[in-house]
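Going in written order, the chains are labelled A, B, C and D, and every chain counts its residues from 1.
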Amino acid sequence: MKGLKIAVIGGGSSYTPELIDGFIKRSKELKVNEIYLVDIEEGKEKLEIVGSLAKRMILKAGLDTKVILSLDRRSAIKNADFVLTQFRVGGLKAREKDELIPLKYNCLGQETTGAGGFAKALRTIPVIMDICKDIEELAPNAWLINFTNPAGLVTEAVLRYTKTKVIGLCNVPITMKKTTAKMLDVDENRLKMEIVGLNHLSWARKVYLDGDDITDKVIEMNLNSDELNMKNISNLGWNNIQLRSLRMIPSPYLRYYYMTDKMVMNEKRDVENGSGSRAQKVIEIEKQLFDLYKDERLDVKPIQLEQRGGAYYSDAAVSLISSIYNNKKDIHTVNIKNNGAITNLDDEVVIECDAIVDSTGARPITHGRLENEIFGLVSIVKSYEILTAEAAITGDYGKALLALSTHPLVPSIDIAESILNDILRENKEYLQQFKE
Amino acid sequence: MKGLKIAVIGGGSSYTPELIDGFIKRSKELKVNEIYLVDIEEGKEKLEIVGSLAKRMILKAGLDTKVILSLDRRSAIKNADFVLTQFRVGGLKAREKDELIPLKYNCLGQETTGAGGFAKALRTIPVIMDICKDIEELAPNAWLINFTNPAGLVTEAVLRYTKTKVIGLCNVPITMKKTTAKMLDVDENRLKMEIVGLNHLSWARKVYLDGDDITDKVIEMNLNSDELNMKNISNLGWNNIQLRSLRMIPSPYLRYYYMTDKMVMNEKRDVENGSGSRAQKVIEIEKQLFDLYKDERLDVKPIQLEQRGGAYYSDAAVSLISSIYNNKKDIHTVNIKNNGAITNLDDEVVIECDAIVDSTGARPITHGRLENEIFGLVSIVKSYEILTAEAAITGDYGKALLALSTHPLVPSIDIAESILNDILRENKEYLQQFKE
Amino acid sequence: MKGLKIAVIGGGSSYTPELIDGFIKRSKELKVNEIYLVDIEEGKEKLEIVGSLAKRMILKAGLDTKVILSLDRRSAIKNADFVLTQFRVGGLKAREKDELIPLKYNCLGQETTGAGGFAKALRTIPVIMDICKDIEELAPNAWLINFTNPAGLVTEAVLRYTKTKVIGLCNVPITMKKTTAKMLDVDENRLKMEIVGLNHLSWARKVYLDGDDITDKVIEMNLNSDELNMKNISNLGWNNIQLRSLRMIPSPYLRYYYMTDKMVMNEKRDVENGSGSRAQKVIEIEKQLFDLYKDERLDVKPIQLEQRGGAYYSDAAVSLISSIYNNKKDIHTVNIKNNGAITNLDDEVVIECDAIVDSTGARPITHGRLENEIFGLVSIVKSYEILTAEAAITGDYGKALLALSTHPLVPSIDIAESILNDILRENKEYLQQFKE
Amino acid sequence: MKGLKIAVIGGGSSYTPELIDGFIKRSKELKVNEIYLVDIEEGKEKLEIVGSLAKRMILKAGLDTKVILSLDRRSAIKNADFVLTQFRVGGLKAREKDELIPLKYNCLGQETTGAGGFAKALRTIPVIMDICKDIEELAPNAWLINFTNPAGLVTEAVLRYTKTKVIGLCNVPITMKKTTAKMLDVDENRLKMEIVGLNHLSWARKVYLDGDDITDKVIEMNLNSDELNMKNISNLGWNNIQLRSLRMIPSPYLRYYYMTDKMVMNEKRDVENGSGSRAQKVIEIEKQLFDLYKDERLDVKPIQLEQRGGAYYSDAAVSLISSIYNNKKDIHTVNIKNNGAITNLDDEVVIECDAIVDSTGARPITHGRLENEIFGLVSIVKSYEILTAEAAITGDYGKALLALSTHPLVPSIDIAESILNDILRENKEYLQQFKE
């Protein structure tokens, strides 16, 4: 059993303790020699704080895994078995802009969906391209496990423009499963949810308990409860008639599409009444988390981390790594090349769906056609993603304008132009690909 | 050369003189024995006025075609060679509601696009289904030439739910070609425009003059001119960067999608300042037209008809009939089953594109893949159309809600629900398929 | 844990002890209340012999499963959880004809491939249609596990013309895996073979050992060994250049396509020199087996059964049943609706490939495009299968002629006609669907 | 009206007078300044004979078109508007080998179909690649009109491996139409035949007379007549039941697939009884033709040329050129990129079907799905073609073996290997791409 080298890009993230916790929990099945936590100069202080906690956690767990803190990405990637990307270009300050700029134009301001996600993609994709170049040179057999958001779009760019072996990961599917199991008060393993679509644009088409179809029952539960949601999403109730006709359970993120008006109104209200944007709230939470992390007596993942909004990421990521490493042939919901899994989407686009994972990687399970009720929305968002990936790489202003205006939550070409201009001006230092 | 029997459903329409004019102009190549102008009881007066004019026109032209006015649709259809549908369920009063209801919710109120077109489809499809039943029983070899709007959606319903041989027709493609020829000051026959998409959602991907690609030139002309438009559409200028990056010429109707905010604002302003909705303007125009038509001295198509907004319909329709009748093998832009013409849409959906027309009907020419810049929008509107056709036929409220909320110009499920409820209430007599 | 009712159609088969053995081996995970062994009047004696052995085996194993021998198919199917089909219409006598008729015309005479398989399909499909009617009426939730050959074609007919839930099964994929593991001297579970294609027309495109691609190595081993074969197939060596260029491991059955001339020559030689057709050999083996089975002291599966040629069937079948019953989510190679798994075949055709099996059934894993080197052959054989299914059901002579002449091992329409006429004449009693 | 420059590669062919005749007949609509007849050193004598005749024909017709005889291909191609390829690598001597080698192994020996066509493709494709390089450098806007056989496979190679604008042409579709019109004794223009498939592997799926479906009638006529055939194909009668069930009219070349045994027997008999292979007959015919051509008094196309077997080539070619030149928008049956025309073949493969031709080139008309009765055969031959194109370009022996063994008229891998070895040995000088 060969020990692994893991490189974590964005290692100074507040999420890192969860990841370390994930490796600790699976240490019997997953021998890790080295974990490189890599960050950039600006993140050095946070890296040191969270890195020290990581070391204490490993020590406490009695493992001999080495945790190395580094600002040198290339040495971290060199000969790595897995490269995990959880970085955030521009930090939470940039996220705040992503949330506030669209709101100026009464458009959704959200980290991954709509114009905010677009801005994040423009900043992120050039960096992930550089990382892929490093991987192809220094660790060509490594798997890139990407959680950097917008995870689907970033994975689309990697698959379209590099040769890096990549799997995109998100905590939404696993959260949907865990929450549904909790609502039903059953063990998660008895439950099967057929979740399919794109990242942050997916639906559970069927839910089975021990093989029995309980989809309608779970829909009714969702109509009467607000449990199935993510920490970062306004918890508006679903439209009863819609869900009963649709006969699927939408991902919590679908609220941004189905209830756009109210979601934008809530965001605006929060900003106006001083509650702040989600980024501002997260800045506060992060501050508290890092204060906690500094405590030298802390040597386990603090429970407060779960409020942060990224629950189950580590579980999904480390479990995926273990399936590859141990040739498990089990099922994970991942972002991956379609390859026929959804028959009415192109073979080469990235989708989010169940896949079999073993030592050769992930292969999607077939899901057939998307229904007309969801196909159109998936198609237009996928078109937006492909155009955005192209704009992010070429730095072509016109292409970026077409990309943004294609997004269904951007209501006109004029508003797209205004938002794009604001994004380019406010993110100048991170968007060097767009020449003046 | 066998003489034809033509049945015109909605024969009392103000457009009829244009149609008659079309038959007169082509009388050498197209021998017509009988033209049945059919209408319903409520339209009797208009039928008699326009029918008398039609008879005078035929007389003046020296033809022996019989014009028969009738309220009996079945006798008109019996053994007909071509059935032309240009009826309007609920008349212009219903159109006015279609335009005003969505505006209440700050949504586009338009005859064919968005929630207004949705309402019109719900009213129209049950009637066209009845007509198809009559055709299949009484004239199974007849061609149904449909111009009733929303023409693409209605044709989709006919192809999906009947066995009637149908071709859908619209004056937008022919208007785009004629106007472009006029802008270029060249003969229309030297020009080739590759127009493709859905009805009222199409783009000229390429324009050729004598085989030379002049697409970019025509784009620049459109950026500097407002000639390429329809009478019924606010003539907002296109976004320069958008069009130059897109490198296609959008149909005038694309303004509703690209400049939704301004288009809605203009509509609201017109209603608020007393200019009225488009329907109100058309009611006025129609009144004037029928006053003209009453004049017993009038025996030609009056020039004022061209203001009505439906220019070139007759030209398109009679020219199409002649191509079928005369086995011409020439090209028409029609609404027709895709059958591979657009490779990234399903084979069985109705698209609008160039087709070869001969005595066996219309066969589309291949157009390859729609580009990402337009594919997503086409996909979501086509999904909306298929769902709407299903809702119109089943009368299923939930399906209707999903259909309407799928339309990209309807911003949320709640607004969809409000609009749908208004539509059902205000159109009760025409929407018997929706049970209480 | 609910106990199962299993119905075995063709229960008097010499294979039955293997099936019983499979249930015994998995008795801890698979609680079976009743096994109905069903046969027809002509098979009564064999049913009683093998049924008695089955009962002795169950007794010896200390299980309380009831084994019921029956000539009443409907009572066996009623409320069954699984219906297993392993019957042979016309018995080995009909198989002998299937083998000898084509040989008269210098064509391959083989039970499942070519004209022999065609004849078997014509006899079998009407019977399986009847069984499916019974299942839909008497046990609508039952799974039909079909091994009756030609297994792929029969499954195609069931999926195309009934609503029965069906999975087709064959011992070739499992044999390929087991034999390769044996050749490599490694545990089977460390090996992954990506086997894809149609039943008896499949290739292992990739072989992995612990995740390392060892395809080329396995190809070399196959070029130097004759281990990877089935008992019933002449063991001719592969063409070295072909296999090295193809870079896949063909199923042993591919010999019939790649070395048609030699395979036919061998068959003719065997018949001429008195060794007899394969059917004649099997008749002899069966006789010996039933003599063994009669021995009241025998209460386990006799080792001689393995010579019969159907090794691993029971393993595959019972293992599949257990995966459904226990919601295992593990991988089986099965015959199943394509649904996008092979992107260049139609979604609705039956293919043979890896699928995830759980309590909701089997869902194929995506396999992408078939390479040009194998796609054409798969396409033409699949066309043959679809046409044959249609001919078997309609009894249309012309359709049957087109079907048979489509098969790549039938060299001309005239030979197809001669063979078809012989088949119809020699199988008259089983081919009532073909009217005079 | 700009005058054209035409380059004819293989200008010394005995067909050239037909081509010149075609230009003369269309001289009013097609102004040709220069016709370059190009050949290689070995063909110089024939070039001079046929070139002199061409000049006399032009003179007689009173045209001022210049006919230039040249061995310098590049100067002929430079700035040409159309490049016509009708060359034959290795001449009729090589054709004779193509016909005789496969016969040694009881396989079809035919110029375009089976192993003979394979050998011709291997010789031809490297030369056409060189021509395309010249065109891309010296006349990038030129259209390549290819008749060099195997025309479909050569066009496939050009479309797959070059950027040259190409249309492949064959006289089979036009011959089928003309002969059918003659059999029916009607004007060709009243007839529509929907011919679709691959080059030399096509079917008329429907025949219409003035828009009425007369397919069944034409099938009966074909069953009772041998008129619909090509000069070079043994005129065996069709199988009645097959054609009536198929309900299509097969191209005469389909005899090679449907009656392989008899066709091979006829070929063998001809060779054995001294009638010689088709090549030998053509050598004799050519000798006689060139004797005729030498006659200085001859200044028109001699009627004897029609026996040569290539009737209507010139008509098809010059008519196609005229449609492009005159922006005619009429229909030609051509070899062209599928692009969705046949929905169950890949978009990028070359098919033979009806296309609209205008100054921008040829765009196929949609034909929908190929029926199962013909789809499999088309698929396997298309797979063979793609593999052969790849083998011809790479000179990879293994790929060539896989290509040849994929052809449905090559019965086993061993025979493929023997034939391939003979081909490589006998064509050494023309197959430099295959290294020792």
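Note that a residue touches a chain if its C-beta (ideal position, glycine included) is under 8 Å from a C-beta of that chain, and two chains touch if they have at least 3 such contacts.
For clarity, every value in this text was computed on a predicted model and none was experimentally measured.
Asks: Using the touch definition up top, find the fewest steps from chain A to chain D.
Replies: 2
Asks: Any idea how many Å lie between the Cα centroids of chain C and chain D?
Replies: The answer is 45 Å.
Asks: Averaged over CA atoms, how far is the centre of chain B from the centre of chain C? Could you give it in whole Å?
Replies: 56
Asks: Give me the residue numbers in chain D that touch at least two other chains, ranges are fine.
Replies: none
Asks: Determine which chains touch and list them pairwise.
Replies: A-B, A-C, B-D, C-D
Asks: Please output the residues of chain D touching chain B within their complex, sorted ascending.
Replies: For chain D paired with chain B, touching residues are 190, 192, 206, 208, 210-211, 327, 329-331, 339-343, 347, 356, 358-360, 363-369.
Asks: Taking the complex as given, what residues does chain D use to touch chain C?
Replies: For this pair, the touching residues of chain D are 239, 241-242, 244-246, 258-262, 344, 346, 372-373, 375-377, 379-384, 386-387, 396-399, 401-402, 405-406, 408, 411-415, 417.
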